[in-house]
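Both complexes shown next keep chain A, but they swap its partner, so chain B is in the first and chain C is in the second.
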Partner chain A sequence: MTDDDPDRPTADPVGLEPRLDELRAELTEAIPDDPDADDLGVAAIIAQGSPTPTTPERHAALLTAARDGDGSALDTLVAELTPLVWHVARGNGLDQALAEDVVQTVWLSLLRHLDRIAEPRALAGWLIVTTRREAQRAWREANGRAALSSDSAVDVPDTRWLPETEALRDDRDRRLWRAFAALPRRCQELLRLTVLAGRAEYRAVAEALAMPRGSIGPTRGRCLNTLRARLEREGGA
Partner chain B sequence: MPDDLALWLDDLVDALDPPPTHLVDTVHALLLIARAIRVA
Partner chain C sequence: MTPGDSDDHAAAFSDFYHRERTRLFRFAAVMSPHLDHESAVQEAFVSAWRHWPSISPPARRAWLVKTIRNLLVDQSRRLERPSEVTDEVIARSRILVPRHREAEAWHELTSTLAAIARLPDQLRTALVLRFWDFDDDETADVLGCRRESVRRYVSDARARISEVVGNPERRVRGSRRGKGTP
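Up next, the complex of A and B:
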């Protein structure tokens, strides 16, 4: 076979290279370059294996059934996704009582908007965004002034709502809770959601936080480093 | 420490700050009432 041979196979006979390049770019974006900066990060979370690719489709099917009047489908969604809604509310600075109110409000809102959710596969994202909005409204009402925007909350520690002390099992947990509660609110929300991501749709979490997927891991790493630094200062590490 | 923190963060979600056990039942009841009102 020579270079002039018309039967010589080309390097990319069916045009796969552009698609392969896209996939390589997606992988590069999804997996951080420096694993040390993200020791609990995206790759590890994805590797935990719980988020099956079919979860969004299953939730979409349940939502469609609920639209058709299937009450048990809606109940299943409530049972599976209430932990997600709960941790968004708690991660936005609400105490337990206010968080319970917000969870109920969000599910009632879903019932009202069942027919208006344009993309049923994005249900988890819709719940996160709605919960954040409701949590900020509830926080404003409870505190009598405008809630911090998500952006400004990045740099302002929230020390008002310590977790309920009766839930703490020992002194070490108390120190961890105190350090966690002193993190910027955005960090608290991100850490809660990325732990939950093993059970929820990680991509929906990333989209709902309005962060590029590639930046979630490094941001999470910085939040964890801040938490470690606080613990070490307290001698709790 | 990273492993300890990872375990503690899991605890945060699973054991230390889970949704109250009654919450899902409360929401179920609330939605049942709301659907009944919508139908009526």
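Up next, the complex of A and C:
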């Protein structure tokens, strides 16, 4: 509490302050200051708070404006679509530092190719494809061999991109992510991309995952069912 | 413009989140222990990110506090009987863990928390912000009032709480309270 409160002595005729101090100590312990960085929490908030790109038309309009030299249009595009780019990069197995490089590279690449994007409405798709390519290149460079994201690996469970254990607030989260980690890699990526990109971008997601567009919805449903079944088997539902 | 701009926003947001989250979670918990205060904080951060570029940096925390407060008000309106914030309801919220402590001391803490939760909105917000060390100017911004009013709200709030708890001589009677509490 602040010291400059002249009211306090008169406002505390019955010893309320010690009671409040005790309460504060108790609550401070019950809700401790968590020194660990909660990057997953931030990413989730940013993903949730970014306007759902249900409007490829709007992105197309922004892209057109950016081509004409409108800097704020480009800013908006970058702000809205960076979470998508980021998750594609992380979803391809990159650690934070590499993912940051890739995000940077992808946006620079967009700047260079502003005039060459043939279909502005497909911007999200272009970003997903470019990011995957960049991510795989970065992974190869860092690891000296091809990334596991080659097709042979898409059906095996993948535990690389998971939140830090400390970031999970409760047991339900832990069970959910454990079940998520046991899903085939393709399911994980599909769920991640469809959550971030939204329904209107199923076409871009289909392109990125080399799947027929019409099968995105049903496959997503099957992936969610598998996730649910795993959770129920664990008694987590 | 550079691609760095959105990174800057995200980095500033991330810093802000890490710096302020605990205090905001604590604020919300004392404001409404019986509601889903964690969701309210989470939702407020999502909303803050949505409006991030338009919130002036010095006003960010007050903006969050206002939003959390509104979300808690919305939540309480959805309760069946919003006015019945009894000691029992607060005890069930399990904010305070009844461990290694006498039952009576735990009861006192719960009653204090309940008494705070039952305060009128302005008084409660002023008191809880003071409780977690927000300064009066910021509280005035949250409440849309003058700094002097904040002080009056806080002392009114204290006086009301004191009527219910805080008097050591009332401890014995305090343990018999409970049922009569509105």
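Throughout what follows, the second predicted complex is superposed on the first by the 158 of 237 C-alpha atoms of A that agree within 3 Å, B and C clash if a C-alpha of one lies under 4 Å from a C-alpha of the other, contacts with A are read in each partner's own complex, and residues count from 1 in each chain.
By our rule, a residue touches a chain if its C-beta (ideal position, glycine included) is under 8 Å from a C-beta of that chain, and two chains touch if they have at least 3 such contacts.
The model shown is predicted, which means the values in this text are computed figures rather than measured ones.
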Is A:Trp139 touching the first partner chain B, the second partner chain C, both, or neither of them?
neither
Of the two partners chain B and chain C, indicate the one touching more residues belonging to chain A.
C
In the superposed arrangement, which partner chain does A:Asp75 touch: chain B (first), chain C (second), both, or neither?
both
For A:Arg90, is the partner it touches chain B (first), chain C (second), both, or none of the two (neither)?
first
On the A-aligned overlay, A:Arg192 touches which partner chain: chain B = first, chain C = second, or both, or neither?
first
Looking at A:Arg228 after the superposition, I want to know if it touches chain B, chain C, both of them or none. Which is it: first, second, both, neither?
first
Which chain A residues contact chain B in one complex and chain C in the other?
39, 71, 74-75, 78-79, 82, 103-104, 107-108, 111
Where on chain C does chain A make contact in their complex?
1, 3, 5-7, 9-10, 13-14, 17-18, 21-22, 25-26, 29-30, 42, 45-50, 53, 95-97, 108-109, 112-113, 130-133, 135-136, 151, 154-155, 158-159, 161-162, 165-168, 170
Flag every residue of chain A that touches chain B in the complex, lowest number first.
39-40, 71, 74-75, 78-79, 82-83, 86-87, 90, 96, 100, 103-104, 107-108, 111, 163, 167-169, 173, 176-177, 180, 191-192, 195-196, 224, 227-228, 231, 237
Within their complex, chain B touches chain A through residues 1-2, 5-6, 8-13, 16-20, 23-24, 26-28, 30-32, 34-35, 38
Touching residues of chain A toward chain C in the complex: what are they?
1-2, 5, 7, 10-16, 19-20, 22-24, 26-28, 30-34, 37-39, 41-42, 45-46, 48-51, 71-72, 74-75, 78-79, 82, 103-104, 107-108, 111
